[in-house]
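For reference, the structure discussed in these notes is given below.
We just call them A, B, C and D in the order they show up, numbering each chain from 1.
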Amino acid sequence: MSTQSPMQLGMVGLGRMGANIVRRLMRDGHRCVVYDLNAKAVDTLVAEGAEGAYSLEEFVQKLEKPRHIWIMVPAGTVTERTISTLSEILDPKDVIIDGGNSYYRDDIKHAEALKTKGIHFVDCGTSGGVWGLERGYCLMIGGETPVVEHLTPIFETLAPGVQSAPRTRGRSGEISSEEVGYLHCGPSGAGHFVKMVHNGIEYGMMAAFAEGFNILHSANAGKQETVADAETAPLVNPEFYRYDIDVDKVAEVWRRGSVVQSWLLDLTAEALAESPQLEEFEGRVSDSGEGRWTSIAAIDEGVPAPVLTAALYSRFSSRGLDNFANKILSAMRKGFGGHDEKK
Amino acid sequence: MSTQSPMQLGMVGLGRMGANIVRRLMRDGHRCVVYDLNAKAVDTLVAEGAEGAYSLEEFVQKLEKPRHIWIMVPAGTVTERTISTLSEILDPKDVIIDGGNSYYRDDIKHAEALKTKGIHFVDCGTSGGVWGLERGYCLMIGGETPVVEHLTPIFETLAPGVQSAPRTRGRSGEISSEEVGYLHCGPSGAGHFVKMVHNGIEYGMMAAFAEGFNILHSANAGKQETVADAETAPLVNPEFYRYDIDVDKVAEVWRRGSVVQSWLLDLTAEALAESPQLEEFEGRVSDSGEGRWTSIAAIDEGVPAPVLTAALYSRFSSRGLDNFANKILSAMRKGFGGHDEKK
Amino acid sequence: MSTQSPMQLGMVGLGRMGANIVRRLMRDGHRCVVYDLNAKAVDTLVAEGAEGAYSLEEFVQKLEKPRHIWIMVPAGTVTERTISTLSEILDPKDVIIDGGNSYYRDDIKHAEALKTKGIHFVDCGTSGGVWGLERGYCLMIGGETPVVEHLTPIFETLAPGVQSAPRTRGRSGEISSEEVGYLHCGPSGAGHFVKMVHNGIEYGMMAAFAEGFNILHSANAGKQETVADAETAPLVNPEFYRYDIDVDKVAEVWRRGSVVQSWLLDLTAEALAESPQLEEFEGRVSDSGEGRWTSIAAIDEGVPAPVLTAALYSRFSSRGLDNFANKILSAMRKGFGGHDEKK
Amino acid sequence: MSTQSPMQLGMVGLGRMGANIVRRLMRDGHRCVVYDLNAKAVDTLVAEGAEGAYSLEEFVQKLEKPRHIWIMVPAGTVTERTISTLSEILDPKDVIIDGGNSYYRDDIKHAEALKTKGIHFVDCGTSGGVWGLERGYCLMIGGETPVVEHLTPIFETLAPGVQSAPRTRGRSGEISSEEVGYLHCGPSGAGHFVKMVHNGIEYGMMAAFAEGFNILHSANAGKQETVADAETAPLVNPEFYRYDIDVDKVAEVWRRGSVVQSWLLDLTAEALAESPQLEEFEGRVSDSGEGRWTSIAAIDEGVPAPVLTAALYSRFSSRGLDNFANKILSAMRKGFGGHDEKK
């Protein structure tokens, strides 16, 4: 919670993330003007105390100068268009904050373009998902120092706060902003760069758990009958794979005292408690940009990221995007060994 | 903490883990007889209230029947030898608990061998490291049900306890043992199997963080002068890699509200708070068995574990074990392109 | 072709490989006694000049002592049983050659067991697939030196011969056996060990081609309409992915002058010439043991093999064995972000 | 060799590749004008029959219109500058061919820029390395169809020719250009795109061999003494790793009849014949762009390329670029387990 004076913030985009950010700000005394293409989303927040606008023009007029406008819309073309439109109707010294999942390279472009009009741009990687309203948001911020500092009251409110984690051993003295849950990471793009890497790590951690639980789930492989033929690798030691492991219980026990304790494990335990076999899922896993960009950054920088990229590629495979590659393999096997595909 | 009657436990091996397990047990009212090759380690615990023994024979004599003996010694030959020696001097109905990092396949062998003498065997994967004394240990247990149940007071004391994590949404009713922090995973070997996969996941998570922080650490790659020649890949977009990121601050900010919140991140933040460049480390990373065995289990079961295995292989490479492979690559490059190695 | 005196060889197992080995031997003047559970397979080779046997006993009786018996049956239990049965009816000084895809660890066991009866054992990794009759077989041999040397006329006939490849620059003097196409790699198991690694490399090379062709196949990704939503990573630069590449022509052109020239490429070119989209394949890729064992060897030895293991895991994924892992990922994504799976 | 009328070609850049391309062209009757910053390189080719130029202006004047200019200089800024300078002094209808290792995205940019001046641009991925003079070059070409067709005599001469590989089973009728060794892959950039993927595959194949030979090289791991402590994974089955494999002989034997037959294997055999332990190499492996771009293409397209990317990352690791990641791992291990790094 902020200890500083409340501010006014305009929010464009009232989806899951945008709406809750507004709510968390209002709870702490900030005034919010809200806009969304969907008028109902505006109505909802107006009912909760926000000031509503039903066009970008109206939205801009309702904001005091210099305006602080947080954009929370899908990355890519929608964000692009929103910034472009706003740049036409804003005034010098206004500030646009892109809180979405934009590519940090776009931030650099946006900051430069807006600078020619005297408009400031701040990129703000925002982690917290649907839980941010209660838990607060982890904020990774890029932009000019005075502009970022000016927005401190907003960031203080949105961040989870210093009490949300025990103090790190070795830290002493005054509380720094990163201990509250927000960090000015550097110039334009730095915030989304750090958020990108955060998501890249998230992919890796998720895959680590997913692979591990899959190994536990198949710990009974030795109980299954297998056909011995030239096409199938025999399980060399079936006697070592005769366990029926309750993966939901394992997820739960690891939540206490283990090295893999983490919020992702908590969520997994929750999902498995509800549905130990996860039948309601098909296993087609989306990826939303940052995982890709993280791997590209690793490649560009020349640092190895085998785990993060393997996690990304597994998602591609989960959606069948390895299909032509696999056909090539089957064709080669037929070519040199006369092997037919097994159904 | 246990709500049940105190028991007597014998501990063989008073290293970091064994000694603290004894301490945690004594704190909760259990009586411990302790033995270690190193007499000083015995003395220390005697001073803290344990009963000491200076030979395995003395140790066995001081324990009430049926004896409960926890072995906490290096996996492999030392554990092997200890179990073998004990099997000569124990009586039927005694129980040996292997709490070390043994290969689960050895458990199956040990359980069978001890069964012929009427001695019970329990395998207990124990996570918690040097922090277990305070935080408690996450216990993954394999063995016969009545024997495991008989040891409940011990496990209850060692486990972190139900209050150590908020209850998982979707769970209700009576508290289960996994919510206390210990789980009977199945027959012999099941405990170490689950612990093995736990460590495999740990490797993957650690690598995810390590790679991510490396990408942040090199985010200034575009600031460095590079020579343009046919041997070196030029950085295509140097303008996108001009950030000086304080990785210690990033580790800290992610501790609050982010998706990658975890104990491993807490430890990383701590290490980086103390030494942001980690100059005191060389970067030679050991691996201690479970990571290897996890990958072998995945391969045997036929389930993909690209992230976990990549994490393992990175550790091998950190110790230079890829050297001959790299020489082969350099030799090939010289062969087809006349390329000399760059120094 | 052998320049040495012809020998007699018994063949057990007349599948694709065994039958052609017999044919290649007979062409070069060796006498063959053949046996298979399937009498028709025996008949076929009898018609081509082999001596047939319709039981293992008859087979053994028809062979001159010391007998040379080549086993070419599925690895694992079938090979196991065949060796065991033969060991009952053979005489000291007889030789069993396992030419199949056995695990080299089984060779060590077999050699030891047969040694107690004075029977010799040779393991012979045999590469060449359905093309071996014409091209010859690459032979990787393990066993005692005098026994292996005694079989030289057989190996000389089966190997492709020195003329099958231009002499390696830097080699001079007498032709060595490896230049003919067979190599005594070491004691028992060494032959199958080298063959195992050969297949591991084969997996990696195959995957390299498969992935590369998949990238070419999707080089038109930027032409496709994609929906912009929070679940799907937008293609950042569609303008760079607007190529319709004829992968069959690419495979063909690479056969001449490129660095990736190889027999696997020849086979790929052949498959794509016949069916550029490979519609007749589903893309479920089997794996037959050696790929797994190679990765396990790498892990045991502590040397990194990220490429070989990634190739193996891709095959597992092609058969859907990553499914539970993917469900875990989808469950986590729903947990932290409220994301539903896309169909 | 070309069956068509000879042409005149200008060559900018007389390094290993450029000089040999000129030689191969002149051998077949084409006339070449050559230029290089290094006057001695020009002199050398003049002595072999080329027409020399000592400035780009002189070079351009000596060429008949429409000019055909092949650029063979380092990718990136040098190519950029050369094209830019030439664009100032060339005339409409002239053709620039970029035969270097340019990023295909640059081709698109160059083609567009040159188009405004009426100058044609052809990108030509050129494989063959130092062996191209004798073996011919595999050419992967992008650009406008009439322009590419106009240059056919050049491509016919440079390509290895139809006789350089046996005809692919299933192909019949007239010989296509890809069977000669050159292919018009599509519009601007398509040539370098295909060349890029070629190199990506090359990385994967090289790594497959390198990893495999490393596994063979360590097949004696079980003979070495290892210390048993909590920091080191014990070799579970030392009895299975007691082979001393002559990797040079293995490379040689695989050249005949095996599935991994390839030019890269030939080169490996050659290198190992000369130096079985490869002591003259350190194992620092460069990467020169295409491997990176291939992985980026896979990521952008959304197709998995775990093998190709693992190969790339191994090269990064060989140069120590994983160092900070490894320090993070060591720091974490110290944090949770009190483990010190082993030297």
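In this section, a residue touches a chain if its C-beta (ideal position, glycine included) is under 8 Å from a C-beta of that chain, and two chains touch if they have at least 3 such contacts.
Bear in mind that the values here come from a model prediction, so they are computed numbers and not experimental data.
**Student:** Determine the set of chains touching chain B that also touch chain C.
**Tutor:** Touching chain B and chain C alike, sorted by label: A, D.
**Student:** When chain B touches chain D, do the two copies use mostly the same residue numbers, with over half shared, or different ones?
**Tutor:** same
**Student:** Take the average of all CA coordinates in chain A, do the same for chain D, and state the distance between these two points in whole angstrom.
**Tutor:** Centre separation, chain A to chain D: 38 Å.
**Student:** Could you put a whole-Å number on the gap between the CA centroids of chain A and chain C?
**Tutor:** Each chain reduced to its C-alpha mean, chain A and chain C end up 44 Å apart.
**Student:** Quick check: how many Å separate the C-alpha centres of chain C and chain D?
**Tutor:** Measuring from centre to centre gives 29 Å for this pair.
**Student:** List, in ascending order, every residue of chain B touching at least 2 other chains.
**Tutor:** 129, 207, 209, 211, 214, 217-218, 233, 236, 259, 263-264, 270, 292, 300, 302-306, 310, 313-314, 317, 321-322, 324-325, 336 - these are the residues of chain B that touch more than one other chain.
**Student:** Under the touch definition given earlier, write down the residues of chain A that touch chain C in their complex.
**Tutor:** Counting only chain A, the residues touching chain C are 15-16, 74-78, 101, 103, 129-131, 206-207, 209-211, 213-214, 217-218, 228-234, 236, 263-264, 267-268, 270-272, 275, 278, 281-289, 291-292, 306, 310, 314-315, 317-318, 321-339, 341-343.
**Student:** Quick check on the complex: what are the chain C residues that touch chain B?
**Tutor:** So the residues of chain C in touch with chain B come to 259, 292, 295-296, 299-300, 302-306, 309-310, 312-314, 316-317, 319, 321-322, 324-325, 336.
**Student:** Spell out the part of chain C that touches chain D in their complex, as residue ranges.
**Tutor:** Residues 104-105, 108, 127-129, 132, 135-140, 159-161, 164-165, 168-171, 176-183, 185-187, 189-190, 193-194, 197-205, 207-209, 211-212, 214-219, 221, 233, 235-237, 239-246, 249-250, 252-266, 269-270, 273-274, 294, 297-298, 300-308, 310-311, 313-314 of chain C touch chain D in their complex.
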